[in-house]
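Presented below are the structures under discussion, each in the form of structure tokens.
First subunit A sits with subunit B, and in the next complex the same chain sits with subunit C.
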Partner chain A sequence: MKEFALMMIGAALVNNVILARFLGLCSFMGVTTRVDTAAGMGFATTFVITVSSMADWAVQTYLLEAYGLGFLRTVTFILVIASAVQFTEMTIKKVSPSLFQMLGIYLPLITTNCAVLGVALLLVEGKMGFLEATMFAFASSVGYSLVMVIFAGLRERLALAHVPRLFAGPPIAFVVAGMLAMAFMGFSGIATS
Partner chain B sequence: MSGDSLSTPLAAGATLPRSVEGIARVVRISGQQVWLEPEQTTSCGHCASSASCGVKANEDAAGIGSLASRLQARRFVLDGPSSLGLVEGERLVVGVSEKALLKASITAYGLPLFFALVTASVVQSLYGEDAKTILGMLAGLAIGLLAARLGARRLAARGELAPRFLRRAMPGETCGTT
Partner chain C sequence: MANSDYKTIVKDGLWDNNGVFSMLLGMCPTMAMTTSATNGFGMGLATAVVMAASGLLVAVFRNRITTEVRIPVYILIVAAMVTVVDLGMNAWMHELYKVLGLFIPLIVSNCLPLARLEAFAAKQPPLPAFLDGLFMGLGFTIALTVIGAVREIIGSGTLFADASLLLGPSFKAIELQVLPSSMNVLMMILPPGGFIVTGLLVVGKRLLDLAAGKEIQMAGAHAL
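On to the complex of A and B.
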């Protein structure tokens, strides 16, 4: 149980998808101008990463590994992720058209989010069981969402701050992102071997 | 998207407390109902700043998966503001409250995920087999989606999911300037 908890903390904070593995950087810069949109994107990505990782694990274990088709892994995972996003979009539209109207905008963006594919490939490298893989994917995506919301909060404050003209906009955002990455390096002190 | 009745207008010039705003174009007016199509706020070539952002490909493409069909699918109805004398092609600023966005996210994504993870954990601890855990997770996901449906119905009944008319968009006002 302790190993399980440490694995999840490691996936969320120590080896953070954005700040340590540098995945999902386009959404990190593009959707973090406001906290609420960052949170919406974070929830949607958490759902898609977890669900598609479950599907990827099953495909890897029962199809690719079983029939020696490992060389098709990347292509297959991309297909599975696209299907998972489409499934999510269709399901939300069916469950509640109002929710789809409000949140549907995030879903097409997730299809091209490399963090989703990155987490799925990390699962394969880790040779995990199903529940362990699912929890790893969930923790990774929670780490992604956490960083998105923190960075959006910082950018909302930056928008009100007096920033030198040459640094205004994306340059100061990149500087802040670098500082945030350094701050997260502090979590490596609790890393497990 | 079908013609959900999504909104109640606010008084002209009013703003929602801490609202998320977006720009939509009037595409049809029938009686008291005004049909709106959201302007795409990501690289699409449909918003008023498309000329400067340089992404205008596929603007008029039709068919499954195209931008045109995706935008058409996201059309929604605004009830009531016909008294404002809106005309087709006019651009409006509509908004929903921040809390509503968060509640909607939790309902749509958080609930199904919570149920899926809990049932997968319970089944794994009971049986310890991956195949049974997958089945348990799928069952949990289905239960979660059902719970999401009920939750969304409650939110919709309270009118929390309805975008509201805030004001007419100013000439040249775009996603980047709201």
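On to the complex of A and C.
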């Protein structure tokens, strides 16, 4: 149990998907101008990463490895992810139309979020068991959502600040992200994985 | 197409519309694989090969791909090209393959190839589409090499370290020791350095564009 807890903290904070592994940076820069959209994106991505990682784990174990089809991994995983996104879209539309309205165009774009494919490839490379893989995927995506919301908060403040014209927009956002990454390096003593 | 159009493709890809510094696409490998100039160079070249090949393929089949299914088809074409590059690098450039690791299959979800397929290759004949993919890819390579060089010089004092190991023995000559190791700023090759150097280099490109009398581009980072 203790190993699981440490592994999850490691995946969420120490090896944060965005700030340490550099995955999902497009959405990190693209949809963090407001806290509520960032939170919605984080929620939807958490769901997709967890579901598609479970599916990818099953596909890897029972299909690709069992029949020696390892070279088809990239193609298969991206298909599984695209289906998982489609499935998420249909489920949310049926279960909660208001949430579906809120997420709107961000939903289909999760397919090209490299955090989803990245986490799936990481847990295949780490040769994890099913439970461990699911925990890892969930913790990683919680870390993703956390950083998205924190960064959106920073950018809301940044929008009111006087930024030199040359730095306006993405450059100052990058510098701020760098400082956030420095802050997250402080977690590196907590757990290793 | 006239010659001037080809010139525009080359200029757009390498500088005016540079995938990293102007459009801010493909940020993940840009940050993750630029801890040294050699890594950036290798990552950029792998992406350029995928972009040129998938641009050519999409342009060849552009009249057969219907609008409704185009995105899945593009992703599958890119994924197929990535698999080819992945297996090829594993076979012939194994050292570099081990360093780039996860980020070779992740070219699939890099926004830059997909953005160029959608914006350019889907509407153009094969040759311009191939060239657009190639020069956008080379522009990406230049950007990654520059970011890698800056981070490497400040962070570990070297330039193109391990080039002979990763790219082949003939690259031994470009390995340099620029600064003594006592002056290293480790922060630059750690994750925060990637963000900060990229941000400052975007400002650098804006300054150069401004000096050349061009409008500076405030766009970017809107695409997902």
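Note that in this section the second predicted complex is superposed on the first by the 187 of 193 C-alpha atoms of A that agree within 3 Å, B and C clash if a C-alpha of one lies under 4 Å from a C-alpha of the other, contacts with A are read in each partner's own complex, and residues count from 1 in each chain.
Throughout what follows, a residue touches a chain if its C-beta (ideal position, glycine included) is under 8 Å from a C-beta of that chain, and two chains touch if they have at least 3 such contacts.
Note that this is a predicted model, so its numbers are computed, not measured.
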Contacts of A:Val75 with subunit B and subunit C, given as first, second, both or neither: second
First, second, both or neither for A:Arg21, with subunit B first and subunit C second: second
Which of subunit B and subunit C A:Pro170 touches, first, second, both or neither: second
Partner chain in contact with A:Arg34 - subunit B first, subunit C second, else both or neither: first
Touched partner set for A:Gly129, first subunit B, second subunit C, both or neither: first
First, second, both or neither for A:Thr112, with subunit B first and subunit C second: second
Subunit B or subunit C, by number of subunit A residues touched: C
Partner chain in contact with A:Ala44 - subunit B first, subunit C second, else both or neither: first
Intersection of the subunit A residues that touch subunit B with those that touch subunit C: 30, 109
In the complex, subunit C residues that touch subunit A: 24-25, 27-29, 31-32, 72, 75-76, 79-80, 82-83, 86-87, 102, 105-106, 108-111, 114, 187, 190-196, 198-200, 202-203, 206-207, 210, 216, 218, 220-224
Subunit A to subunit B touching residues, read off their complex: 30, 34-37, 39-40, 43-44, 46-47, 50-51, 54, 58, 61, 91-93, 95-105, 108-109, 129-131, 134-135, 138
Subunit C-facing residues of subunit A, complex: 19-31, 71-75, 77-79, 82, 106, 109, 111-114, 116-118, 121-122, 125, 166-175, 177-179, 181-182, 185
Touch list for subunit B against partner subunit A, complex: 1-2, 4, 6, 20, 38, 41-42, 70, 74, 76, 96, 98, 100-102, 104-110, 112-113, 116-117, 120-121, 124, 130, 133-134, 137, 141, 145, 148-149, 152-153, 155-156, 161-163
